[in-house]
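Take a look at the following structure, please.
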Amino acid sequence: VNPAAAAARLPDVQADADHRGIALDEVGIDGFAFPLTVLQRDGTAQPTVGDAELLVGLAAAERGTHMSRFVEALRDRSDAVTPSATLELARHLRDRLSSESARVRLNFPMFFARAAPASGAQAPMRFTVSYRAASSTAAETIAVRVEVAVTSLCPCSREISDYGAHSQRGYIRIDAEQDGGPNALWPEDLIEVAEAAASAPVYPLLKRVDERAVTMTAYDNPAFVEDLVRDAALALREDPRISAFEVRAVNEESIHDHRAVARVRWSAR
Amino acid sequence: VNPAAAAARLPDVQADADHRGIALDEVGIDGFAFPLTVLQRDGTAQPTVGDAELLVGLAAAERGTHMSRFVEALRDRSDAVTPSATLELARHLRDRLSSESARVRLNFPMFFARAAPASGAQAPMRFTVSYRAASSTAAETIAVRVEVAVTSLCPCSREISDYGAHSQRGYIRIDAEQDGGPNALWPEDLIEVAEAAASAPVYPLLKRVDERAVTMTAYDNPAFVEDLVRDAALALREDPRISAFEVRAVNEESIHDHRAVARVRWSAR
Amino acid sequence: VNPAAAAARLPDVQADADHRGIALDEVGIDGFAFPLTVLQRDGTAQPTVGDAELLVGLAAAERGTHMSRFVEALRDRSDAVTPSATLELARHLRDRLSSESARVRLNFPMFFARAAPASGAQAPMRFTVSYRAASSTAAETIAVRVEVAVTSLCPCSREISDYGAHSQRGYIRIDAEQDGGPNALWPEDLIEVAEAAASAPVYPLLKRVDERAVTMTAYDNPAFVEDLVRDAALALREDPRISAFEVRAVNEESIHDHRAVARVRWSAR
Amino acid sequence: VNPAAAAARLPDVQADADHRGIALDEVGIDGFAFPLTVLQRDGTAQPTVGDAELLVGLAAAERGTHMSRFVEALRDRSDAVTPSATLELARHLRDRLSSESARVRLNFPMFFARAAPASGAQAPMRFTVSYRAASSTAAETIAVRVEVAVTSLCPCSREISDYGAHSQRGYIRIDAEQDGGPNALWPEDLIEVAEAAASAPVYPLLKRVDERAVTMTAYDNPAFVEDLVRDAALALREDPRISAFEVRAVNEESIHDHRAVARVRWSAR
């Protein structure tokens, strides 16, 4: 049996007309794991593993979308992933699924070498990155998101105690929409902003001499979760490539079993 | 030492003036686990365990918020949780933290008895519920969210196959903002909508005679993830107590290792 | 139609003979959410929400087990949960499923009031508890497990730095098998051991005067992840009610994005 | 300042003598994310992203281990990961940390191309793989673990219903210790066993003609969770390269909101 001929004879239930009169904002797949090759700011490539969310709008008159086309679209565009290429993928989905809108989110870890502050010992450090793009008749957007682990040391604890100050691991998440030409903005740009806002960066590899340096750097730069967000926001507002952003910081409090959080959104428009 | 007197002598770093000029949309705590007593639609109470997200806006001139007050606020209002009481909690936070806005989300499981369709055998079934409330000078909102496990059976698979049809567990999540008086809307209302949209409900306890009934009910009511969303949306649009809603359905596809998703938002305004 | 009569006419596929000659160590259900009432050491009751793992051994000659009976067994034994009652549940499953062995694990949060160290301000604190019981022809066991959030402060960081020392949230998990009579051992007993081994306990509610106390207590009691485990193990070895234990500690390192871990197992036999 | 000289002057707290008399089974790091290059059965390499658990035993007389050495060890051995190389890493840790025992676990996704059963359409499919190795004076072991998503269709539901049968996504997890020479056993070997035990394999990309084939294949091959485990175990017992194994199957039941599970362990010894 010829598969194409066999397929042609099977009814296409998704293509049925729908009479409920409800257009859907999003239909598609998520949690789809895929090997990706991601381009870096310096032009080189980095292999990684992502999971994808691929969605289109569905017109009121259509019963369903064709899910296998999302898989094919990502399969054929997974080897040079950039923010701009993510928008190209969204445009392709819009066209291939004959939809008025499409939205793509690719989530993946990226690793960048980090040198310990005193010894210089190096190891790769993991950062969680997302590229998000949307294409519709009304607008197109490209956004880059990073989540960066940091050390935060509590200013209140330091001030009110005779010695010591509680510190903890925190995460600063920056989601920035970019303006301007293709690939104006890279994850590396946002990671730098997040690390500069921390009491101290977090490292994959620290020798004793480095642990001493990090301990004292954190003590010298106490920061509330509010400070993490504000310092990152100050830097992002000055960046002409960024048209809108959200910064969220979370402290995995070392003196509690819950988290302290802060968030700000900003838009140039 | 008198603790209150001692505390009065400690510097209040959070109360420091801030000169960065950045107001924060949200500051507070999340992931805070707490025992709750939740009222049900029928007026009776159900003990459960929740986790809370408690947030206020922070004015540009203030350095930080006082995190312990969030904990006290929830501690003192955890014994008769309703949608309206969640708004009261948000109003209290706004007042207690001297903020222009406050937002609360309480997430908790609720259990309701389910009788198997043929044998009538009963057991409690878990539903994931959230109450969300916001209070600001501009507006106040109350929303109820439920996530309901369902069976979905694929209409395409049924139509194109000589026998059988793949089915899977899905989740329908409804988030509805309520209009009207206090506690106009209950999780029970939304759970009924979700279960009616499914190929078949999911049960905690099924005897063989029930499994037969559920298998054939699902086969008789095939539904794409798009259908789950549309059928729920149709019912929600007719409900005068609901001013806005989002419905999201997710199918844990049994023929794939990824998920099929659909989503629609609607507002009466 | 009478459901029982209808059921009697349906074939019982699970009861078919199996000819592959492979007995299974465990068959049953897990991830089963259920409302529980748990007894406390002081004799009072605490409502909570658990998830259950209920398993029996399956003889080589049997095709399958009857999953609905697990649900009925828990449903009928969920209102006075203790370590001993968990063994009773395992014995019941063994009998009801005609199996040579049964194993039960109930996981649930328990909340105990915690008073802040200086102000005395109180709020409930969540601890993650499991009861585990096994019954077979060879042996019966009852075990209690707790996971306790703690503060740990690094001795190395303190020693090598001119000021400060990094701290973080850690978790000490103790799993202890009990000897002796019914309910010899309670989660409260193990929580006390874990908190005593920490640099400082973690609290749900801390005022400024308490934060000062906790900060200095932690600085005065530095502990590696190895120390957390050893100090807990020392206390557990002295407890005549405990016949075997495992202690595991995990530090969510504030200077890294990975975890430091240590583990020890001990048995009186 | 010369960092090495500076480090030499810092006290080494971990190297302190310990007087509590408690040797620890495991000390080290986990949740450590790292880019890996993994060799495949066919000799080619696949880049991926893993997380590592690296542990050594700690003698009773030593206060602590040196965590940074674990990071260096993995960093220098991440570019040709195989089961045998994982044992080499464990041996290196044992030597580098002067320990009597070391244990390594590397977890990572691997992708293998899968062709749809009728159309032949290809896409990469994700499988979750772990390599585990232990080295001590007493013994050395190498184990390979895979977790494979599958379709399962309920034999009871099919038998007792006039039409249809509920199906769901399941996961078969095989953990096999290998005997014999280096890299005797590969994840690909175990994935084949798991997929052959299923009602039908799961695919990343299915066209309509494939969905028809998979639907009918699953209906033609009904399997309880018990059957998944037994059929996999039968195949594994015949494999002379495998000295011990555990098979665990989990069905994400489509008619329940809990899981059905089965497990068997076997050892040639």
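Odds and ends about this structure:
The chains carry the letters A, B, C and D, assigned in the order they are written, with residues numbered from 1 in each.
Just so it is clear, contacts are C-beta pairs under 8 Å (C-beta built on N, C-alpha and C of every residue); 3 or more make two chains touch, one makes a residue touch a chain.
Everything numeric here is computed off the predicted structure, so don't read it as measured data.
Remark: among chain pairs C-D and A-D, C-D carries the greater number of C-beta contacts. Ranked by distance of CA centroids from chain A, the top chain is C. The mean-CA centres of chain A and chain C are about 35 angstrom from one another, to the nearest whole unit. In this assembly, the C-alpha centroid of chain C lies 25 Å from the C-alpha centroid of chain D.
We define each chain's centre as the mean of its Cα atoms; on that basis chain A and chain D are separated by 28 Å.
For chain D, residues that reach two or more other chains under the stated contact definition are 10, 32-33, 126, 156, 160, 204, 206, 208, 212, 257-258. Listed in rising order, the residues of chain D touching chain C in the complex are 10-11, 13-14, 18, 20, 22-33, 53, 55, 58, 63-65, 67, 155-156, 159-160, 224-227, 229-231, 233-234, 250, 257-265.
Only residues 3-4, 6-7, 10, 12, 32-35, 46-49, 68, 71-72, 75, 109, 111, 118-121, 123-124, 126, 204-209, 212 of chain A touch chain D when the two sit together in their complex. Contact residues of chain A toward chain C in the complex are 125-126, 149, 151-154, 156-157, 160-169, 200, 202-204, 206, 208, 211-212, 214-216, 218-219, 252-258.
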